[in-house]
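Structures for review follow.
In the two complexes that follow, chain A is the common piece, with chain B as its partner first and chain C second.
Showing the complex of A and B:
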């Protein structure tokens, strides 16, 4: 059900009380699952994702026969969307089973796999696979961004060498103010905003402005794209700071436990 | 699963070195499309698009069914893609590959989600009867540029298609044959076209309309779907090598120019075909003599 966001222009406050350039609360933990090679738990507002990494491990089963014997490790991604994660409960949506899930999920898997395939130093692990499993516990917008961030943290926890962090966030556009043509960009959309505003997901590599992932699926004037992209890239820098803090805190904790 | 044969190391090095000197193997400019040829079948709604060696045939067909219970006023529009071994030995029939998922998802987003075809106009009797429109895309030959050619072919076929005229009188639906009443064109709200750009040299150089080999040597690609009015309907850069944000914006700008170019080519082909079908024009209708 579309929701009325035309009130934005009255106080310049969004539905959840944020300003245009504010991120939602970003909370992340590293090494949450003891049995996995690497794991992380990430919350972007009410979007909650657990990520576990298996590997780098030897190629097994069917993948071996399919000609995976090359000089690089192969990154595969599995996404399981919990039935209780959305507003309406979906039966058999995702579930983590093979070949299940819709095209949107498959596309997300491909995007994440291809983003990390070129960022990880896969040439260090010939004849192996790195499996990223993402479990989506709760969805409230910025799903692809949350998955990318969680996967970055988990891969760092697993100790897979990579050139830099892939961090992602979303940016959108307010509805045009009545009477004028101006529309302001917004940072980090929640689920309700995503349903009715044009928005894009942008993922950058490192602290610069190198864009690795860019997905826009709504209609928008071409002139507005620049503003949205600029806000998104700026948001990625903020996200990177937060994720970097999480990794450093975890590193400190590990060092302290070794010394004592 | 068969895999695409990768270009040899020598071929790859040759291509990349030529690119450093801004030369493409087929002599095109970096931002030029291959030769585009759009032709139509005898029936309405059959479009055959050739882009260099890539060839796509799309056929539109319509039937009458009951609408989905949650969308009583909307007709049904489905796009199916078929990547058969006919086009390339790397394609396998009866199994959905990543390429096919990618392709159908991009077509869905650019044509269906952007509301290019108004599905409400396909409604006949609310809650009971709607048109189910189907676009079958057949890839006959594959040499890169799959997404661009498929999108162009589907849109051209949709614009070419004429749906049978109908009337509703007292709850009774009458569908007229083409002899009784001329079929009517579909209600297309805008005309989105896809343009793919491939990146080389760590995102510093980009090519429009890469051939299969250029595609295999590239570091990543970006797909932009837009309409000639300057609205972007889809931008997708799913992973691959990373590119500077400013270069991306420049790419979108270049893609907009190409969208207008492709739109013009499509308009030209449609106008030519309309002229061919309309033999004699208005004067034939007005003529008193018959063909005895």
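Showing the complex of A and C:
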């Protein structure tokens, strides 16, 4: 879908009226489902994701033979993309079941699994699995980032120890202004911008500058990468603040219900 | 489609079975036989769907349903059928005589079953898993048996809406998820809105961009656009499926997992709102479901040995699966309680109507 983003340089406002360094509305809930070990609901703009955690639980079935001798918990990720999540209905986009799902979903699953495999204290749970199920209800850009953030919240709700939050957001690059070579980085792209502009997803561990996830699938000049990364990492700090607020609010609620 | 077994011991099950078959029965959570546990519901939560709903039952199971509508060309016989109707349209009475379920301004044509597509998605289950297909089929059956819904999908002689209903079960199925999925679908359909057409009768359909001008698929009574409709008639509603269990002579609604484990019979009853008021609900479908007790080893043995009916078999204080079928009197009462005027079915429909 071709889209004219060249108007950006006129007022330095993006299609949805944001400035270059503004996040979309980020809203999250934790402990949304009583029957799961941990669960969360996260909205980044119009991207909406529900995450549920099963585990840490004993390995069962066929996976047992492969995983029996391991000393660490194994993190598995299932992503289900709902048929009604996009503008047009699409069937079978997700990997909620076995033996389906497209390559893009599989790659997201792998990225998320490897990110959490190294961040969670998996050595505390030998011979077990932690299953992260992500249900994408509505997609409008920053899908991987939303999944990572939702999974972090749900894992905190499940009480799985980890060294710090994995927080993620996307950053992109405006088309170069005519006549000059400069291109501005943008924070937190929406679905329309993602189709048009080069963009990357960056995930950091906590508010520092330790990058744990970095996915870039579009062509971009290597000289401009640094600017995009810096904006992305800065966005991650803001995301961490918001997620931390969500966790603290939930903690307060739990404490109050215990005391009263 | 067996849910995981309960962790209760045979003597605990026996205790539960006894207390449920008393007169009056005592349920573990002190509810009355017809009362439901509280549930949490939310509608219109997805911007990309025509209608959507999220429903959480008290046992922690949760489902989300999304309805998406697409415009499609009528194929084959549908055309012919319509033109038959067009001749008779001047006297709308004749038409409604021929098809009793015609209603409202949309119900001018006759819809087809395949215009509605239902898919169920369950965590950890394949698409073609028997239980997933079975559940989707049962919900689809209820929706088309009603007749009202598919007739609403007619746009004009050559075009119609195709409705995709995707239901996501977010939690592992602790109990039979059918009522949860059915109620979620009901709420999603109630919140479904279709864009307002700006094209005339048989033109290719064009729609108004303004979402505020869109019309609900199921208009509620107070905003009913058709002034000719008598105001006393209750607004049309999508059908719902209720799970009813019987223990002894008692009938229970909204059974918990433990109650299901000792049920003598489990029935899925699909009811729809009637076209005329004050006659109770329409009964659309009844299905018996194997209670979990039937799937245990002792029950299988009985099946092999032949149906030997044993009223109070087994030792005192040790629960054994009931043998034999269910009594016709109980079956009749289970269905009666769902459909009668002022019965449970009406109460549930009324309660869910509050959301829309």
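The rule is short, and it goes like this: the second predicted complex is superposed on the first by the 257 of 260 C-alpha atoms of A that agree within 3 Å, B and C clash if a C-alpha of one lies under 4 Å from a C-alpha of the other, contacts with A are read in each partner's own complex, and residues count from 1 in each chain.
As a convention for this text, a contact is a pair of C-beta atoms (placed from the backbone, for glycine too) under 8 Å apart; a residue touches a chain by one contact, two chains touch by 3 or more.
Owing to the predicted nature of the structure, the values given are computational and were not obtained by experimental measurement.
Per the definitions stated earlier, placing chain B and chain C onto a shared chain A by superposition produces no clash, and the two fit side by side. When the shared chain is aligned, chain B comes close enough to touch A:209, but chain C does not.
When the shared chain is aligned, chain B comes close enough to touch A:115, but chain C does not.
Of the two partner chains placed around the shared chain by superposition, chain C is the only one that A:87 touches, whereas chain B remains out of contact. When the two complexes are overlaid on their common chain A, residue A:200 makes contact with chain B while staying clear of chain C. Residue contacts after overlaying the shared chain place A:162 against neither chain B nor chain C.
In the superposition on chain A, A:247 makes contact with neither chain B nor chain C. In the superposition on chain A, A:222 makes contact with chain B only, not with chain C. Superposition on the common chain places the nearest Cα atoms of chain B and chain C 18 Å from each other.
By the touch rule above, chain C contacts chain A in their complex via residues 45-49, 52, 56, 59-62, 64, 66-68, 70, 119, 121-127, 129, 164, 166, 168, 170-172, 174. Interface residues of chain A facing chain B in the complex, by the touch rule stated above, are 66-67, 103-104, 106-107, 110-119, 200, 204-205, 209-223, 225-226, 229-230, 233.
Looking at the complex, you find that chain B touches chain A at residues 1, 3, 98, 101-102, 104-105, 108-109, 113-115, 203, 219-220, 222, 226, 230-246, 248-249, 252-253, 256. If you check the complex, the residues on chain A that touch chain C are 32-36, 46, 48, 50, 52, 54, 78, 80, 82-87, 89, 91-92, 94, 96-100, 133, 135, 137-139.
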